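Heads up, there are several structures right after this.
Each of the next two complexes has chain A plus one other chain: chain B in the first, chain C in the second.
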Partner chain A sequence: MSVPELAQSGVPQRASHHVPLRVRLKQRGLDGVTLLVLPGVFVVLALFVYPFLYGLLLSFAPKEGGWLKNYAAFFADPFLYGTIFTTLLIAVPATLVNVLVSIPVALRVRLMYRQRLLTTILVIPITLGTVLVAEGLLTYLGPRGWLNRVLIGIGLIDHPVLLIHNYWGVFLSLVITGFPFTFLLTLSYVTGIDPSLEQAGAMLGARARERFWRVLLPLLVPGLTITLALSFVQAFSVFPSAVLLGAPSGPTRVISIAAYQAAFEQYDYSMASAIAMIMAACQVVIVVLLLAARGLFYKGPASTGKG
Partner chain B sequence: MRRDSGLAARLWAICIWTLVGFFVINLAAMIASVVVNSFGTRWFATWLPSGYTGRWYALAWNEFQLPAILIVTVEVVGAVVLLSGLIGVPAAYAMARRDFPGKRAVLLLFLLPLLVPPITYGIPLATVLYQAGFAGNISGVIMANLVPTIPFVVLIMIPFVEQIDPRVEAAARVFGAGITRLFVTVLVPLLMPGVLAALMLVLVRTIAMFELTFLTAGPTSQTLVVALYYAVFAAGVRPGQSVDAMAVVYMVTTMAALLVALRFVNPTQIVTRGKR
Partner chain C sequence: MAVVSHEFKELRLDGVSREFGALNALKDVDLTVKRGEFIALLGPSGCGKSTALNCLAGLLPLSAGSIWLDGHRIDTLGPERRGFGMVFQNYALFPHMSVRRNVGFGLVTQRRPRAEIERRVEEALALVRLTGQADKLPGQISGGQQQRVAIARAVVVEPPLVLMDEPLSNLDAKLRLEMRAEIRRIHQVVGGATIYVTHDQDEALSLADRIVVMREGRVRQVGTPEELYGRPTHPDVAEFMGYRNLLPSVAVADGNLLSVTISGAKVRGVPIDATPGQVTVAIRPEDLTPATDAPIPAKVEAAEYRGRDFYGFARADDGTALYFRSEARVAPGETVRLGAPAERVLVYAEAFAA
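Take a look at the complex of A and B:
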């Protein structure tokens, strides 16, 4: 039995100034076991927090000019600041499509008895990752690919539609890897809602549509906010598919490409850090806006009293 | 609960299943077109290639130096899995068992690398690793990959540790087991299912982790996914079929890891970061 537990179980304790430091620390939860957390904390501090702070400082120390030179240069050059809008133009529609489709599908799949087959199939594109999906879509969506053949075969189009090396290639790759992600997240939130709440709604005479709008959706809002935030942040940091499937010098020159080029083609690490910080700031702004919007909706438990 | 059985409800259900079916069919066709192309001889204006051959694999095996890349991949993934287990599991144990000042801050510290996308923190991280001389060789790749995996292991393992009754440990302590003995003979066997699940997820994620490896790898420290990226990027240089052969090798590796992983974890866990 450890010392804090002894203290709780009513064994009389001496006044703290007589107690050795070791025991006092242990009472506050600091002992040998607590030290086990240190290696993990050290790695995250050294390889995540320190580089981030270093990058932040580096972004204010440009190769030449004043301390804000990098940021001024970014927002003065349409080739650079335009990447924010380019990225938003890809990330926002892709996120909305993924989340809006995920909700009805998750609500339907929740009623299935054997979900595992479907969830296993859907986890495949996430596991394969964006690079493989990009290569697959290059073959599949290309002018001689199966999709165009089918569309021509059923007479929907006369000439192959261009779906690669433009906006649509990147958009579709974000749907292929993004939809399973949002769907599986949404499903985990949907299954967390106690079915008896919906049953109560049904018993009181609410039809399916009303049950969705007045019972399920308000309970889903917290989870949906997190889903929206996570999938937006992922879509906003799209990189390999924007290079491989898109037009990386034009319509799909996303912000991560700008950061990569600054770092590894111009070797201007200061500018690259500035762009990475701007990218992080954009993501933080959107996530904060989403969380603020979430505050406008219902807050409360999604389970009933007796857990 | 009685389901709505009106015509509108039926149509709605059919609509949704069609959508799911459409997605799954496209996904399957995408994967199949890569596999078919990698075995095809010539494939122009037809549904299927005119003949089949295995020579693209031989070409990819030699041209992309696949043996070297596979060895690097195994080394990186093995080291990342081992290190994140050795560092992450004890940290999760401390987080689950002790209530110390600043615990919430530590939890936030472990959450952040999972929420911030790799490309965002990868660029400053690569800068630091290049200046310290780690990036460009395999040690830098391993260090960069540890950033998301250690927090991932910690967050998955915390609930597993909490499930174990502290009295089991107390009993071991009473019989004189030290902290090392406690870990090796009591905790590790009890935690094994959780440890395996967490490490399997780390395995799958590290094989597919593109951004961090891409930003820190040098010519001799590329993993399979980065080599695949360069192969696709320079697609004009080599025949498309041999790039697809490379893609199939990558796909088989990832799917093998996924199959093993799915014996220990639920598919949804790959997405929901240990939330159960």
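Take a look at the complex of A and C:
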């Protein structure tokens, strides 16, 4: 990219054996095009960094008491710190189910011809959004919903199973909205593995199970940890379905509900910020642990170098 | 565990066919391979040679026909039960395993004792001259070394049959010649049969005991390199074997031979399957040389020096393009008279469609 205006302004011509600053900067990837990054930097600063820092500072300025008062209060009250475990209890199993189910499905779909149709069907729940899905599940899974009526109709059960306004409602909605996301990520990692590697495994006498454990899984691990981390973060910040489908005052009182109540029922923004920071810390800890575990495995390309 | 043993007598393909939708990728292929043989499947891309290899490997099911190893029918077995070795075009080394573990993979799936695995991996690495590289990952070694690892991995289990899918196509010219000799040497040491897919006739001629020339999913000719080089049975095969002059012509009987017309001149040739009438004449550039008493006058358009000889391109009076060889220097614009010995002029009944 030639940027003549920049070249003429500011950079004086030195002795001829000097490489001009403009050329040296360009070799490091900095030239006029680099300026295009500025709007993005501005947006990130305004919409992410500023609110985050604002919230962080706000959390250290409680309504009353010392600067750590909010954090002390959170970890002193089981009604508050318990939400961490409640959230983990929902988010971890839902994430694991999503990832573990998506692996075999992705391995099968990889061989299909009409992948696009399937991926379109799977993307729809993502585009609909969690609230609409939650509303749908409310009627579908309810005591007089289709599911219970069918199960009673075919005589499998006598009384409706309770799947809403409890743990299972939230869990199911996290699986339904989270699975397509997890699956699409997993599929992209699975299709990144050179199919001839599995064929090579077969030629060397490895059965399907052995090929999976020895060839596919080790190459998938780095991608799967990323998938786990992203799916977990999504599930951990569950809010709409925990309110709509769960029991928000009891078994599904997740950490985001605690933050919501602090902010909009007690009007204690400082406390709410502290809870949000604790929530972020929980997510960071899990993600860092996952990425550290990833470092123990092979991370190179999933195909032979030259070819 | 492989159900077939190293000590087989022959592998037999019986009417092997493979369709992809309406396309006949492989049609009625019959072939018998004896133990110890090196067979090359030769043909242009899309001729079905890789399909044939994948059918043998078990990576592609057959549409019709059967494959037999001595008395056992093997086309119904999965690839993991055939026990064949395979060298893939892109090597397909497991990128997360060291060279040692790559080579040992086949022995591990056979549940061999650890000491035996270690000993045989060392032997295989010594065979391909890679002893010092055992603990590197495939990404850390060169293409030629990866190639050797792929071969060691395929032969370490002592398979009855080693399948190679254009294994040298990703290497540079010098390495290709080196590895060619290595592959032949390893074949002799290992002792099973090797089936080698290639589109390079030099490779096939120098490596194989027998060459199977394929075209459009069918076997065109099977023979020793000498047979194919000297007496191709079809113009397609002739083209592949370097008969660059493939000319439509009309033949008349001339004793045991045929007399054909090239640009108005009479040339005598050997009938391969031709009778008087419309024919295709095949002559190698090496056999078409200038001489004062030669029959075809032609004007040289280009000539290049190739070490000992000059190779040239000339046009006869009626515009026929002729590729020829000359021991003396020839220059563009010069007029030469070209001719070939009758036994080096092959006459085919079939038309050649390039």
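One rule holds in what follows: the second predicted complex is superposed on the first by the 272 of 307 C-alpha atoms of A that agree within 3 Å, B and C clash if a C-alpha of one lies under 4 Å from a C-alpha of the other, contacts with A are read in each partner's own complex, and residues count from 1 in each chain.
Definition applied: a residue touches a chain if its C-beta (ideal position, glycine included) is under 8 Å from a C-beta of that chain, and two chains touch if they have at least 3 such contacts.
These figures come from a predicted structure and were not determined experimentally.
Colleague: Count the residues of chain A touched by chain B and by chain C, then name the partner with the higher count.
Modeller: It is B that touches the greater number of chain A residues.
Colleague: Return first, second, both or neither, reflecting whether A:W146 touches chain B, chain C, both chains, or no partner chain.
Modeller: Only chain B; A:W146 stays clear of chain C.
Colleague: Taking the superposition as given, does A:L89 touch the first partner, chain B, the second, chain C, both, or neither?
Modeller: After superposing on A, A:L89 lies clear of both chain B and chain C.
Colleague: Just to be sure I read the superposition right, which of the two partners does A:Q199 touch: chain B = first, chain C = second, or both, or neither?
Modeller: Both partners, chain B and chain C.
Colleague: Based on the superposed arrangement, let me know which partner A:Y54 touches: chain B (first), chain C (second), both, or neither?
Modeller: Touch status of A:Y54: first partner only.
Colleague: Counting only touches as set out at the top, which of chain B and chain C does A:L219 meet: first, second, both, neither?
Modeller: second
Colleague: First (chain B), second (chain C), both or neither: which does A:E210 touch?
Modeller: second
Colleague: Under the contact definition given at the top, report the residues of chain A touching chain B in one complex and chain C in the other.
Modeller: 199, 202, 207
Colleague: Which residues of chain A touch chain B in their complex?
Modeller: Spelled out, the residues of chain A in touch with chain B are 1, 28-37, 39-41, 43-45, 47-52, 54-56, 58, 101, 104-105, 108-109, 111, 116, 118-140, 144-147, 149, 176, 179-181, 184-185, 187-188, 195, 198-199, 202, 207-208, 230, 233-234, 236-237, 239-240, 243-244, 256, 259-260, 263-264, 269, 272-273, 275-276, 279-280, 283.
Colleague: What part of chain A is in contact with chain C in the complex they form?
Modeller: So the residues of chain A touching chain C come out as 194, 196-197, 199-207, 210, 214-215, 218-219, 297-298, 300-307.
Colleague: Within the complex, which stretch of chain C touches chain A?
Modeller: Its residues touching chain A are 1-2, 57-59, 78-81, 83-86, 88-96, 105-106, 109-110, 137-139, 143, 146, 153-154, 157, 170.
Colleague: For a test of understanding, state which residues of chain B touch chain A in their complex under the given definition.
Modeller: Its residues touching chain A are 1-4, 9, 12-13, 16-17, 19-20, 23-24, 26-27, 29-31, 33-34, 37, 43-45, 47, 87-88, 90-91, 93-95, 97-101, 103, 106, 109-110, 112-113, 115-121, 123-129, 143-144, 146-147, 150-151, 154, 170, 179, 204, 208-211, 214-215, 225, 228-229, 232-233, 235, 240, 243-244, 247, 250-251, 254-255, 258, 262, 266-268, 270-272, 275.
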